[in-house]
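Paired with chain B in one complex and with chain C in the other, chain A is shared by the two complexes that follow.
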Partner chain A sequence: MSLAIHRNWTQFAWVRLLSVGGVLLVLSQLDGLLAGQNDFVKRLIILAGLYVVLAVSLNLINGITGQFSMGHAAFYMVGAYTAGYLASTQFTRLNLPLTLWMPLVMVAGAIAAAIAGLIVGLPSLRLRGDYLAIVTLGFGEILRIVANNSTELGKAFGLNVSPNFRSIGLTWGLAILCVACCRNLLKTSRGLQFLAVREDEIASAAMGVPVTRTKVLAFVVGSAFAGAAGAVLAHFEGFVSTAMFSMDVSFILVTMVVLGGTGSITGSVIAAVLLFYIPEAMRELPDTPMARILGAPIAIVALLRREQERFHGPARQKWARNLGIVLGCVVLAIALGAVLANLPGMNTMVQGSKLRMVVFAITLIALMLLRPQGILAHHELSWDWVQRLRGKPAPTHEVSA
Partner chain B sequence: MPLAAVELSTLPQQLANGILLGSIYALIALGYTMVYGVLKLINFAHGEVFMLGAYAALFASWGLGFTPNNTLTATSPVNLLIMLLASMALCAVVGVIIERFAYRPIRNQPRISSLITAIGVSLLLQYGGQLFLPTSPAPNIDGKVNPYRNAVELKFREAPLALREEAKGLESQVQKAQAEWDARLAAGESRFAPSSEGRIVRDALNAAKTELNQKQTEIARQSAVVVLPVGQLIMLGATVVLMGLLTYLVMFTRPGRAMRAVSHDFDSAALMGVNVNSIVTFTFLIGSALAGAGAMMNATFLSGTKIDTFFGMLPGVKAFVAAVLGGIGNIPGAVLGGVLMGVAEALVVWVGIGQYRDAVAFVVLIAVLLLRPGGLLGSSKVEKV
Partner chain C sequence: MTTLLELRDATIRFGGLVAVNKVCFEIHPGQLFGLIGPNGAGKTTCFNLITGVYRPTSGEIFFDGKGIGGTSPSVIAEKGIARTFQNIRLFKSLSVLENVVVGGCLRRPTGLFSALAYLPKAIQITDALRDEALRYLKIVHLDHVANVRSADLSYGMQRRLEIARAMATQPKLLLLDEPAAGMNPQEKGELNAMVRRIRDDHGMTVLLIEHDMRFVMTLCERIVVLDHGEEIAQGPPAEIREDPKVIAAYLGEAH
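Let's look at the complex of A and B:
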């Protein structure tokens, strides 16, 4: 028995080492491979990576531990300002090479954000649900107003961060590290405590789970990753200002976590990339008449919701039916657009770029009305899950702690 | 950070400002607290309903002829009443629509889903509104629509007579110097690079102005005068009347009794034959109409208030804090909390750290939730398994 476990472990160790080595190799070559792309594409890739870090780390707090936080932009800001402050005061004095400086700054940003997370996490002992959401939002705003009025932090102008460092490999390395940490955390007994707190606080306290410590730990770990992402952002943009970390950023991050499915790490990754890319792509959108913009969401919400509720049949038919509903939505949206176009004032052209946050809002509402559990719900996008979807029994990995 | 010199003499004025501002917060807070009482839902979109109310008042004033660059001079209280009704009616309709299409379908889902939907509705109104509503340059309701533009001065203590006489003398000096300077300007003197004689005249004018300013500050320090714009007093009066009506409605009418029943126990009230859906609609209607009244009065009587689609965000948050401070779900608590929030904000300005006036709401909120989660007039319940 012990031999079997041992063999299993050594096998896994080899797989682990190989995969870690492979990832590092790919990451180190990533900047070289993508060197041919233009700056805009590189910028999108790097920012998408940062959003993945933010969404996954927020998922640890919101989805996995169930502590509804709406102040994640604040931790991002703390990391970015820490990096900005260090760069403007210490960089020329220490004169370190950038490859050494970046990890140091990321660690510093993470530590500063973790301390902020600890401070925010402490009230979470007494609050739950919507109150906690408001308080975290409030903490974020307080930090922002303080930074906005602090002379050391450059008031509303922010700080200039002198060495620019733009590396796709570093950003996505951080993203992968974040995903790996969260994923591996859930495989340990400590990770199960996070899930237990989410499911039922009172019951898990009765079972001996240290509820307080777990909640605060979730805040500390989640905000540390956000802080590291902030440090990368500061060196990527070359400046930090409070306008970059408004409430909207927190709302977007919450949308990402909810869209992906609260608690699902892969869901957060997918939603982060999608919700980051779609608004960027919409900048290119031609001006659209008002009628179409109004018609589409009405059609989607009205039709999808009705049809979804009516159906109680086998899962396989549901797929075909859902496809039909989506097609029906498109037809209805076009028809509604045509009808609305006859109303006065409905042919005003709207710039595509103005629709950015409107899309977030409609996504949030439609999601909550149609599929409150998110794209992947609490599942992870893994090979086993796909197998199970196709009706084949997959091996179960029961965690014995 | 150095605190500006705290002036005890300006305290009564700031307190009065705080109470007047607080009456608006109280009106918004009532909507939060009523909806929370009935549905246990924080209606994040309430601030945006407030914003739409301000726009309704703006459009009503335009409809009455007070467009930008109008040449009207006369106005009447009827105009104000029309604007108030327009604002309240639009807000009531919007509130009911939001409830019907965004909150009702997910009423049985976990509360977090409703919260996220509320954030979504709030973002939709903020950013969607930018597609339809005039935002840049941010419009404001023409002050001329308000017939009550004069102010009441309450004098508690006058500055010594000698000081006032001195100030009067200085005033005439300034006027004389100004006339001299104006004459030189009219004679072709350059405003920015005057000749040497011109410079002497200008410096004399500036010196006289500085001296007058110092004297006026001294007078303000030694006297205690509270200036109350009549419009804002009417605002306070209207708020009190609306709250009286609300109290009557909730305590002494059938729908009010049903509302209290639903608030006490949602499921049991439904079993006892209360039409829960219509009561929830009614609650949203009343709460949103009150927000509309607050929006119209804010945009009209605090003259020069710029309206944009984010207009409701900060008042919304502050009113929410007010509702929590007073004890959420508690109607007198919301009024008390609103007034206290207004006063707290005025005190922050008084102490001289006015740039933190938006942060004070969150500080109060965190303090209340940590020290007395039930609020001042509320009672906190221990959750039982």
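Let's look at the complex of A and C:
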């Protein structure tokens, strides 16, 4: 269910001003606080922030408005190239301080991506579901190939973005802004119109919801955030090239939205951080004998087949059952590994770093089978949710008249 | 007397099939108007013509004196026609209350920016719509389930929620497509009184499609009968009951 439209303490202007002020203060100090960390850790934190922006903004299009877009990387790219182009042509000429320059290029990237979003949004007036997915995918590829062949944009080499700017505060500030905007939208009647379009277009139109405009606006707002993220990326990496915006990026973003729970903002945030972090964390995987590598998938497939027999019971029992299945997988995998090790050639060691994507893929399959509705399903991590966990009843509405 | 809705030779063809053929009727403000006919007579297609889902092949539809044939559904909703659906089309994963709020949105639009920034104006509008929505839920006796997911309601409740959602747009004309389908006799009796109240207390004109003859005959003041897309009779219930053509086409089958 969506965020219910009842009010809690966030409705008061002073609460909001105070929280905005507090967030800005923390963000402005963040880079100073984390100055001691090594560059790799900072890099991970910044990229995770960008993925949060991308996943949450895609969730606005895919999850909240129900328009299946597979071309989100294209908007990211438009923002990055806009920033790259501006930096290479205008930065030295205008000679602005970086603290002023960054917001400007982010806005420019957002506007450029929003225009691209408008162009993609227009065919979505007529297309639904799979067809829209194909069109958005194609649009992304077209933009990528155009950039790849345009001398202005540096062909496959890309553009050098001269002033490097790496700020955790700025990146996560953008992420928080994106989350706040989506959450605000869902707290108002306007946001309900977006959800209504997802639920039933015909009924929405009959209730006077401007279906076309709502869909296009979702594309425009969603891609604007992706564009701003792209501008940050361009200045973070110091260069932009088409290789950074391949279809894989769009796919992983869709995976994040689905895995987090379609339509859930906090779910998208959690999934974005997790899915970005898991492959990075697995760079350190130990070398493993062949037997275990073969054993693990067999164990997982064997036990997850049981999960496919749908279980109808209390949620708590279901959790216990899923936990049991996971533990069973581990035990069976170790046992199978021990048995397989007796076969010839099975004791060959495989480099851990080569296993990264295999383990990632298996993790995704396991998660999707165990929890097809996504990590948070349609719920949100929110204050009201915390209240409910503490046993307080959900707020009810009284007629005021 | 003024006319609220007028169909003048409204016709729609799907390939070789004439689904609605030169149908003419006028609805006056404050009327309870019935549209009946056997299955496949073109009743729902008629609704779809009025609400802009289909564009008439020929003929014209006037609402409040202006032609609305071929106008888009959301614009027609803004002009003051709201409808319910034969195959219930609620916003399933939204709560009962949220469904009704969506209906009210068209009267109190919020700018996208003020919604994204959570400006006081957007909050006020949302709160006002929520309070209104609760009042509409009271009318259809659903205020006690305001926070339930609409898909979890019983069939009869879902039908009543559709009525509340349509009423929230504050239409001049309310179109009900088989509002009593799937209801038991007691629920039908309550619905009958409810529709009457909607007209009497809220001043909405009602056009309804219904298969239950007793329901239509006791509720409606004027009835149009369609058969195979053609209008075969029109008049007050007493006349319709006696009309030999209607008995042959429709009532004859039942008795």
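What we mean here is this: the second predicted complex is superposed on the first by the 319 of 401 C-alpha atoms of A that agree within 3 Å, B and C clash if a C-alpha of one lies under 4 Å from a C-alpha of the other, contacts with A are read in each partner's own complex, and residues count from 1 in each chain.
Methods note: contacts are C-beta pairs under 8 Å (C-beta built on N, C-alpha and C of every residue); 3 or more make two chains touch, one makes a residue touch a chain.
Predicted, not measured: the structure shown is a model, and the values here were computed from it.
Novice: Kindly classify A:G158 by the partners it touches after superposition: chain B alone (first), chain C alone (second), both, or neither?
Specialist: It touches nothing on chain B or chain C.
Novice: Could you look at A:I365 and tell me whether it touches chain B, chain C, both or neither (first, second, both, neither)?
Specialist: The answer is first: A:I365 touches chain B but not chain C.
Novice: One more residue to check, A:E141. First (chain B), second (chain C), both or neither?
Specialist: Once the two structures are laid over each other on A, A:E141 reaches chain B alone.
Novice: I'd like to know which partner A:F68 touches here: chain B for first, chain C for second, both or neither.
Specialist: In the superposition, A:F68 touches chain B alone.
Novice: With the two structures laid over each other on chain A, which partner does A:P210 touch: chain B (first), chain C (second), both, or neither?
Specialist: second
Novice: With the two complexes superposed on chain A, say which partner A:I202 touches: chain B (first), chain C (second), both, or neither.
Specialist: In the superposition, A:I202 touches chain B and chain C alike.
Novice: Pick one for A:L127: touches chain B only (first), chain C only (second), both, or neither.
Specialist: In the superposed model, A:L127 contacts chain B only, not chain C.
Novice: Can you give me the overlap between the chain B contact set and the chain C contact set on chain A?
Specialist: 202-203
Novice: Show which residues of chain A lie in contact with chain B when the two form their complex.
Specialist: Chain A reaches chain B through residues 68, 70, 123, 126-127, 129-131, 133-135, 138-139, 141-142, 145-146, 148-149, 202-203, 248, 251, 254, 258, 290, 293, 305, 350, 354-358, 360-365, 368-369, 372.
Novice: What residues on chain C touch chain A, complex-wise?
Specialist: Against chain A, chain C makes touches at 51, 53, 72-74, 77-78, 82-83, 85, 89-95, 97-98, 101-106, 108-112, 114-118, 120, 122-123, 125-127, 129-131, 134-135, 138, 143, 146-147, 149, 165-166, 169.
Novice: Spell out the part of chain A that touches chain C in their complex, as residue ranges.
Specialist: Answer in residue numbers: 1-2, 4-7, 10-11, 13, 16, 180-181, 184-185, 187-193, 195-196, 199-200, 202-211, 217, 221, 378, 394, 396-401.
Novice: Which of the residues in chain B come into contact with chain A in the complex?
Specialist: By the definition above, chain B touches chain A via 1, 42, 102, 105-106, 109-113, 115-117, 119-124, 126-128, 130-132, 320, 324, 355-356, 358-359, 361-363, 365-366, 369-370, 373, 383, 385.
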